[in-house]
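Both of the next two complexes hold chain A, though its partner changes from chain B to chain C.
For the complex of A and B:
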């Protein structure tokens, strides 16, 4: 029980975020109107994805240093859950843009680059499937993972900031924080980051444990 | 030098460039600027996949082992990178000449475009060399190369496409320097990662 306090905290925070996210008074920004509430669900997905993919790449590097297969398991579980959250972030973004920009896929650079980054990570998952030898799979996919992470950061973080984008916080459009005078968005958004990230880590630990059992089965009959 | 003995591969790719461009010529005659640009980079991409992929996939296991006993993996990958860059530079120029011959010449800044093409060829070959090295480890390597390569190459192609757009119009695009910097940064990144990671790939 003592070790599980953060799971309870995660559930409580998410309850607060969901209830608060739909009931708190949001300022009307541009043509966002009430759709601005999507921010409580859209942004944290990316935070969670970054966290998980960072865990993944750290474990990959760690694997290359130690050749410990458990590190590879960690990297792969974090990678797949990270992709899951990335896809959910993309889906919530599409939902939001339907009502704000008038289309699921508009010609927005951030959307494009994110789609590419997600494809790269899906390629990572496909690459993992194409090996039968465990050690070889671990080694090669760890190397590819480092590549993927090295491209993820410029793709989703640096390029969109340089070019014009419909997304807030790009070269031409200001972020939401300057218009959030009452601070209501911040009040829900920061717990939302924490809550969703904790949820992601929770799912990741579950998957990690399951995969470890599978590995144990393979190694010890 | 070794590659000269497998001359058929080299000439095969030359023929490949020629026939691809010729097919485009038959299909669309003289495309407009944007189309021309897009076509050019797609041809470039496929040439690169074909030319560079061979550098690892064609080597037999025994020969790789021989190289392994001979040199440090870091020197080996460095040699491969340099060789592929030179190869791709050559093919880039060939592709450009073919395109201009068959598809007309819509360029207003020819030299600028040539520079971009060389830079693009270098970027593509660097990335694909490393990918070929990874794919060579897997079993179904040719298909894997496409699966891994295309998402990774997309940002570079997008950048190249944007940069080369300015070769068609006399106006100067804003943010050009930034894009060049980004492209150069990516090249440096790929080289650094290749040098660091390749020794791990060779541990067998």
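For the complex of A and C:
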């Protein structure tokens, strides 16, 4: 139990986020209306994805330095759960944009570059399936993962900030600085980042432990 | 032959059942739509306030708790397997 305190914290934070996300007063701006509440669930998906994919690339580099297969298992588990959260973020964004921007996939640069980045990561997962030799798979996919992460940050974080976009935080729209966001939203949004990220890490550790059990004989033999 | 006949009878029985229940559910649904839940009490009034926004909130809480319980069970099973 002592080691699991963060899982309990994660559940309590997320219960606060779900209840608070529906209860707090949000400013009704433009055609966003009450759909503004989506931010408590849509944005944390991306924060969770960034965290997991960062864990993945760190473990990939660590594998290349040590040739320890357990590092490769960590990298692949974090990568697949990161893609899962990315796809959930994309799906929630599609629903949100349908009723506020007037289209499921619109000409928004952030939406497009994110789709590209997610496709690159799906290619990483497919690449892993194409090997039979464990060491070769680990080495090649670790190198691919480094390139994928090196593309993820400019594609989803830097380019959308330099061009015009419907998303907040682009060249022409305000971001989430202290003057722009209502206090009630921030009260729920910061815990939401933490809570959803912890949930993602929890699922990642479960997958990692399962994969280690599957490869138990190879790892200890 | 007897087997086949009994299947046929069973099928007829089931069909009659569906038609009976079908009528009943249809009537129940129309009745339910006509007479809204008007029970009082703090819980009922809370869920009906603010254009019933708290109903989807409750649904999300239920789904979230179910997923968490599943994760906890998976976690425990993995721990058990790791100890073996």
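Basically, the second predicted complex is superposed on the first by the 209 of 221 C-alpha atoms of A that agree within 3 Å, B and C clash if a C-alpha of one lies under 4 Å from a C-alpha of the other, contacts with A are read in each partner's own complex, and residues count from 1 in each chain.
Here is the rule we use: a residue touches a chain if its C-beta (ideal position, glycine included) is under 8 Å from a C-beta of that chain, and two chains touch if they have at least 3 such contacts.
Because the structure is predicted, anything quoted here is derived from the model rather than measured.
With both structures placed on the common chain, the touch criterion links A:213 to chain C but leaves chain B unconnected. Of the two partner chains placed by the overlay, only chain B lies in contact with A:126; chain C stays clear of it.
In the superposed pair of complexes, A:19 makes contact with chain C only, with no contact to chain B. Touching more residues of chain A than its counterpart among chain B and chain C is B. By the touch criterion defined above, A:203 reaches chain C but does not reach chain B. When the two structures are aligned on the shared chain, A:146 is found in touch with chain B, with no touch to chain C.
Note for the complex: chain B touches chain A at residues 130, 134, 137-140, 144, 147-148, 150-152, 154-155, 158, 175, 178, 182, 185-186, 189, 193, 197, 200-201, 203.
Against chain B, the residues of chain A that register as touching in their complex are 64, 112-113, 116, 119-120, 122-123, 126-127, 130-132, 136, 139-140, 142-144, 146-148, 150-151, 154-155, 158-159, 162-163.
On chain C, the positions that touch chain A within their shared complex are 53-54, 56-57, 60-61, 64, 68, 71-72, 74-75, 78, 81-82.
Residues 4, 7, 11, 14-15, 18-19, 21-23, 34, 202-203, 206, 209-210, 213 of chain A are the ones that touch chain C when the two sit in their complex.
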